[in-house]
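Notes follow the structure.
Letters are used for the chains, namely A, B, C and D, taken in the order the chains are written, and counting of residues starts over at 1 for each.
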Amino acid sequence: MAYEFKITRRMEFSETDMAGIVHYSNFFRYMEAAEHAFFRSLGFSVVTQQVDPPVGWPRVHASCDFKQPLRFEDEVEIHLLVTEKKSKSLSYEFRFRKLGAAQAGEIARGRLTVVCVTRDAQGKMSATLIPRTIADQIEVAPPELLAM
Amino acid sequence: MAYEFKITRRMEFSETDMAGIVHYSNFFRYMEAAEHAFFRSLGFSVVTQQVDPPVGWPRVHASCDFKQPLRFEDEVEIHLLVTEKKSKSLSYEFRFRKLGAAQAGEIARGRLTVVCVTRDAQGKMSATLIPRTIADQIEVAPPELLAM
Amino acid sequence: MAYEFKITRRMEFSETDMAGIVHYSNFFRYMEAAEHAFFRSLGFSVVTQQVDPPVGWPRVHASCDFKQPLRFEDEVEIHLLVTEKKSKSLSYEFRFRKLGAAQAGEIARGRLTVVCVTRDAQGKMSATLIPRTIADQIEVAPPELLAM
Amino acid sequence: MAYEFKITRRMEFSETDMAGIVHYSNFFRYMEAAEHAFFRSLGFSVVTQQVDPPVGWPRVHASCDFKQPLRFEDEVEIHLLVTEKKSKSLSYEFRFRKLGAAQAGEIARGRLTVVCVTRDAQGKMSATLIPRTIADQIEVAPPELLAM
């Protein structure tokens, strides 16, 4: 049973904008990268179809509070925490922290809610129960961790 | 005095992902494009320095609720509404609607809070009063519009 | 029979980088947007399956020479020209020109070669003849235009 | 003196498109990431101003030949080789290879030519000699390596 995961990544030139900082839309790409790495850490891919029928995880909510900017070549730790586990959806929190920074301040904090879906022959998605093999490995982070 | 603005754009191939739908991070790029077009409609650019000292508008909060997917070549209207106007910040809501769609359902609804800042010689940003020439042209949308 | 097409687009903030100019990778997104608009102008979508079996157009070559930078809010014309038409592939040239610029200098010139493919049940692509209904509408631009 | 460098990266969901493969524009982002990691391996950043006056490296040419597609979660090695070193410019070749793939086929091969520039007070760029401290560390790859 897992409730958290951490990745680090280095900010790239193509992710900066003319204000000299990482464009805010990229934080949502980073959150998703952390989510997918979390799934890999459990032995799953969000895409490879290890469950039958195959499921997908469209986002129904995404948000982020930005506290300090990130710049080119900054190394950032993204800490994923599971905040909610329902029968058909999962919610995550993501805490961004700059590695090697003198002061420990948080860079940003984001949230994501994803729904487990199957698709019919026309590609239309409908919510479905999270497969047991996946659900059994994921739990909500302890309250004292979420309160930080 | 303006409190709303609409843009339309067509979803591009490079904005889709392997799930066959527009990747959710792009909605945040679209919101910003609407915000910048709103500024242009007022005779300002968010970047060209028509005020002295020049100001910037970093995002402190961004969120989006996704209700229906967008696909390649969909034409979408993005309706910006000013939801809050403070001395140093502005908040917007963005309503995504597919053009030409049989049913009128909303695709997504997003929110953005931006802070007016100046930068010192080292590039460090600090919040500042929204310049009069800009603030005088922007007002909060009427409650009945925001309630929809 | 068509051999050229023009689109215009305004450079967006999220497309700039910390050097203050449009990141070069975006020029390849713009070329593709022009290609897809060209197809729409012929009554086709590169994706909607108006031919049977459906075909796709993966890129086998892409290049661009960059002469002058583009900046936020620049309005750019992208002029697509068909440079080669083979039984299973098409090649295009793209000329980037800034609208409203005092001097008429070219911003960039790119090239794209795309191959017409079908996919088998496993998703494996193989080159196929360009469907007649598409091929009949596309011709190579006249040499005097290509020589410019 | 260095003439090559290798990085690996895992393909991300947000980099795929509705054809189920990595969008071709991303290969140009990956090439640049390899170039910047090469500079870091020499003790430089392409941005941090360790030389006086500070220099930048705008791209004047970029190209790529695509041989096989990349998919979500593929791990890819990008092998940078210095192909040309002039007084004011550098050219690189980039060879993309999928890690762990049964057959050793190349995925793609790209090229980049970058020019060393300084900027005047208005931001206008002009080509300049590559600073000695940088030029002294870079050499062209041996012909037998480039011939592969």
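Before moving on, here are some points about what is shown:
By our rule, a residue touches a chain if its C-beta (ideal position, glycine included) is under 8 Å from a C-beta of that chain, and two chains touch if they have at least 3 such contacts.
The model shown is predicted, which means the values in this text are computed figures rather than measured ones.
When the C-beta pairs in contact are tallied for A-C and for B-C, the bigger tally goes to B-C. Distances between chain centres, each the mean of the C-alpha atoms, put D farthest from subunit B. Inter-chain spacing, taken between the CA centroids of subunit A and subunit B, is 24 Å. Distance between subunit A and subunit C, defined via averaged C-alpha coordinates, is recorded as 34 Å. Here the CA centre of subunit B is 29 Å from the CA centre of subunit C. The residues of subunit D that reach two or more other chains are 13-14, 18-21, 25, 29, 32, 47, 72, listed in rising order. The touch graph of the protein chains shown is complete. Chain contact summary for the complex, subunit D toward subunit B: residues 13-14, 16-21, 23, 25, 71-72. Every residue of subunit C that touches subunit D in the complex is listed here, in rising order: 18-21, 24-26, 28-29, 32, 47, 56, 58-67, 69, 123, 125.
The touching residues of subunit C, when paired with subunit B in their complex, are 12-14, 29, 32-33, 36, 40, 45-48, 72-73.
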